[in-house]
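Structure first, then comments.
Labels A, B, C and D are assigned to the chains in the order they are written; within every chain, residues are numbered from 1.
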Amino acid sequence: MNSFGKIFRVSIFGESHGKWVGVTIDGCPAGVPITETDLLPDLGRRKAGAAGTTPRKESDIPTFVSGVFNNHTTGAPITIIFENNNTRSADYNAIRNTPRPGHADFVLQKKHNGFNDYRGGGHSSGRLTVALVAAGVIAKKLLNEVKIEATLSEAGGNSDIEEAIEQAIEKQDSIGGIVSCRVSGLQIGVGEPFFDSVESVISHAIFSIPAVKGIEFGAGFAATRMTGSQHNDAITNAEGATQTNNAGGINGGISNGNEIYFRVAVKPTSSTPQTQHTWNSESGTVAPFTVKGRHDLCIALRVPVVVESVTAIALADLQLRR
Amino acid sequence: MNSFGKIFRVSIFGESHGKWVGVTIDGCPAGVPITETDLLPDLGRRKAGAAGTTPRKESDIPTFVSGVFNNHTTGAPITIIFENNNTRSADYNAIRNTPRPGHADFVLQKKHNGFNDYRGGGHSSGRLTVALVAAGVIAKKLLNEVKIEATLSEAGGNSDIEEAIEQAIEKQDSIGGIVSCRVSGLQIGVGEPFFDSVESVISHAIFSIPAVKGIEFGAGFAATRMTGSQHNDAITNAEGATQTNNAGGINGGISNGNEIYFRVAVKPTSSTPQTQHTWNSESGTVAPFTVKGRHDLCIALRVPVVVESVTAIALADLQLRR
Amino acid sequence: MNSFGKIFRVSIFGESHGKWVGVTIDGCPAGVPITETDLLPDLGRRKAGAAGTTPRKESDIPTFVSGVFNNHTTGAPITIIFENNNTRSADYNAIRNTPRPGHADFVLQKKHNGFNDYRGGGHSSGRLTVALVAAGVIAKKLLNEVKIEATLSEAGGNSDIEEAIEQAIEKQDSIGGIVSCRVSGLQIGVGEPFFDSVESVISHAIFSIPAVKGIEFGAGFAATRMTGSQHNDAITNAEGATQTNNAGGINGGISNGNEIYFRVAVKPTSSTPQTQHTWNSESGTVAPFTVKGRHDLCIALRVPVVVESVTAIALADLQLRR
Amino acid sequence: MNSFGKIFRVSIFGESHGKWVGVTIDGCPAGVPITETDLLPDLGRRKAGAAGTTPRKESDIPTFVSGVFNNHTTGAPITIIFENNNTRSADYNAIRNTPRPGHADFVLQKKHNGFNDYRGGGHSSGRLTVALVAAGVIAKKLLNEVKIEATLSEAGGNSDIEEAIEQAIEKQDSIGGIVSCRVSGLQIGVGEPFFDSVESVISHAIFSIPAVKGIEFGAGFAATRMTGSQHNDAITNAEGATQTNNAGGINGGISNGNEIYFRVAVKPTSSTPQTQHTWNSESGTVAPFTVKGRHDLCIALRVPVVVESVTAIALADLQLRR
């Protein structure tokens, strides 16, 4: 199943080398002002183009199929599609015999008995994140007074991001990074104890982003080395403001009115220009292998807006459930 | 909502100081052999008793209410309840005016306009994890050849756990820890790209456990400092075995047949014996405060079996969906 | 799966001859005043006792397990259980070889490979409707200004119900009936076009009641013999009042502010005192057969309160989704 | 929300006068052979053209957006769109002030505060059933050995359908009808007791079809006038064959291996050519009114294939859950 949310429900569809990719947003209230151009700033932030990103460039012009009339949502399901106009499927024929290490090629072939669309990763391609960003813009509109801001705070272990990219280009090897996300203005009481804790729902959404391998809220892993008296955030007024924010704005799974803060680990892109080794099912041996196609050297550069988008989707759903 | 899963669906209910806590497991196939005594080993691992755990001891005897007949599941919903027989509600009257730092007292009061059962944390109490463990035993039965093993690998930043507990007792301050979990024997192809990735579903379940503040799969946060050629796991045979396991057994959100590996950050128990500060709504000032009640000094000691349980629940659901 | 609803979610559990049957209601807001005695009037209406009902009488005293504190809902899941204190399991041993015609004995045995609890129908017993009624009382509280009223309007094809029962007792053969339900005070705009139409959601809930085999809204089957100009309900004021109510208060799946009206067909109880024929798997022949156990001659007498209850559950969920 | 199903999940989107309408099918296994031309026969059965149907004719050519590769499903979400190429939006301007009796115009305007796309019924238009039929074709493929057949057995109360249509054309007034549906080849054990009974799930799907106002299974409403000994279906062999089929192939909510049989009441099209009365919000009076636009005189003619489609969707979901 490729959908998320109970009330504000987002479903994505499409493949890297199909004609379109798209998203349906169900459960959005009527009357939210929205135009196709409202989507462009966040879509632009996700786009390739900068040093360290793929030479495959898509125009990423959204087309509203349904659910929007006279520049407002109508209350009906909203479907948005994006044309794929820059595909080179010939690049991918080799994948079937030599699954790319770190990619889903091998597991998808096994899972779907070879029926998966293997071109460019098919449905599991990062291309689909364009649909997440589109849904995220609408989610952000619903959360109006809430502000979500994600930034790349480290790349390849280096907090000087430009330097990290330069070195990766020089070494011709892909790198990962850490994305930090802060949410302000969220009211007290969003989330539920246990299964629908804010951490559960946000992490569910965040791990939907390809290449994410870790998440920590507030002090996170560092909290495991603190004592209770160091970690506890003293409550300083009747609105629940706290002196410190080691909890990352969440107690018992529920927002406490302070800033929500979490950090996301993005692994290096699997498609490094370096020679690698993989199983060649034709020759029946492990053989050296170089990835074809056009890829990002530091995909983490394009991840912050996707982190913001899925966070907005998760919070819009939690908030509408109240 | 306090339920989890699409096909194998687990719902928990109850409060710390109510008469019973319990769980309903819906969607479990008929014919799984199960008796109340089958639950005792995992329930025992969760129990207090060791140094560093709470003096509140519960008998934790499970009672099958429904769904089990002649020592086998019947295909109908399985409900299991546990009596709370060791509650001291008088301990908790003060909570209403002086919300405990790091606890959900304050947010629950706000969220539910003061109607929440505040005694011992009410529904958000760690007491409810007894229900998770019960459901986990049944989930493990469904996953028969799959083996899930979680251990406490660090406490208070120290890999010598006994020493860490001794120091915490000496300092009279609570500590956290890191739980490592390994899953072997899971077939290739469990999980979906994007929203129902194995990481999404496991992390959703893991963050349901009180005090968890972080999770990382495979190399996790360390992967952000590796290059693609270092991180990629070379595929070495037709079954998809890999030379390294930086991916933690998951590619593109789907199990790849290697060991699933992840690490969970558990914060120090909020209920430290140390004096803390919090807002006193009666006096209208920030005032010093000492937690009453009986609490764990290192809750992380009791978390591994709960990590195993919710992992089993998550994987049973993903596997039944195939 | 035995649960219903997206936001106001009701799950039932238990078997006819188990120790308890019960229900969990998840998603009920905090602060709804409720006591165990509030449930007694509707539970009383469902009880046996009148002519034409089973001699098995249960005390039907509800016990709140969770989610209620100081006589108000707390926002946590509400679990309510009922003891089964009047079971005679010896009556049911024969069922395994001679499945009762019209009952689920045969299909449950096949579905669950013989692992089902066959005593008294097990989980599929009408006994479970006590749990539906309990949940219905809470749903009705949430719908405060909405009034739901169901009555038995025909029994055995006779609108003189007492006479119909007398004749059934005389003939010693079970009979069915028609339950009419009217809902007033529901605001305009509840329900969704297509899959979550008011008719879809109510009919889903109504067919959950054992013995129901038909439902019609407004003019229903009679509408198929009308013309458009006869059937259309002329709108007569700005609030949407209509001159007639052939639509049963629902247009395009959405409530239109007029009375919701529907009729429910209840088949005669399968457990008639008359001799019947069924397959005897021991002898390998069709053989005459008389139902053992204690049963209702006209189960329809006890259905109206259950119709009200599941209607309330369905409408509470639809209303909370808005 | 406009989606249906737990495992085989169908979501529809689009408006009568938008550029496209479409459907996403999530949860369909990989490897099902399917081409766009496979959809044409059922799409053709739904089309207008015969006497008594609308002069608005759409080409109804399906375009696969995703989830199909090399003429087989891939395991990824399947999206199919249809262009709307025959819309006349100018026809509908008047709707805003004079809501059409029997339509959803009035309730949608209230529900969505006037933001709904009112042209041609917007999202609630019967146009959307083209999407249901497309999904139904795929569902039928999954149910291979199961055969679903629906026919119009009565129109305007007349079992001679041609005669009924002629009379309606002569009278220039719309008529309804009864659609009968038979499902053969369904294995024993599909469906669940209570909330997911076969009747619950099928009726939920059937009432998603615009203009449906009633459903009855097996003997249905006639069963209310039978005795238990008349109604019970005697079991005649070890496979559960029954002498009669008053239960319509379903006991206790579960398929019993006999033919599933149900009848669906379709009301007359609201858009009759006759003059009607409705509230005119501009003049503030009840005023005579004639429907503009192009409409069906007997929509029931086009309903059987839609009944088959949603029945297939419902059964595919129930079957995949096992």
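Keep this in mind: contacts are C-beta pairs under 8 Å (C-beta built on N, C-alpha and C of every residue); 3 or more make two chains touch, one makes a residue touch a chain.
Note that the structure is predicted; figures quoted are calculated from it, not measured.
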Comparing which residue numbers chain A and chain D contribute to their contact, where sharing over half means same and under half means different, the two sides are same
When each of B-D, A-B or A-C is compared with C-D, the one sharing over half of the residue-numbered contact pairs turns out to be A-B
In terms of CA centroids, furthest away from chain A sits chain C
Distance between the CA centroids of chain A and chain B (whole Å) is 25
Cα centroid separation, chain B vs chain D, in Å, comes to 45
So, in whole Å, the Cα centroid of chain B is separated from that of chain C by 37
Touching two or more other chains in chain C are residues 1-3, 6-7, 12, 76, 108, 111, 123, 193, 321
Per the touch rule above, chain C residues touching chain B in the complex are 1-3, 7, 9, 11-15, 18-22, 24, 26-27, 30-31, 65-67, 69-70, 72-79, 81, 108, 111-113, 115-117, 122-123
Note: in the complex, chain D contacts chain B through residues 6-7, 76, 193, 321
Seen from chain C, its contact residues with chain D in the complex are 1-4, 6, 12, 99, 101-104, 106-108, 110-111, 121, 123-124, 128, 154, 156-157, 168, 171, 173-178, 188-189, 192-197, 199-201, 203-205, 207-208, 210, 212-221, 223-238, 240, 242-243, 246-248, 251-256, 265-272, 274, 276-279, 281, 284, 286, 300, 321
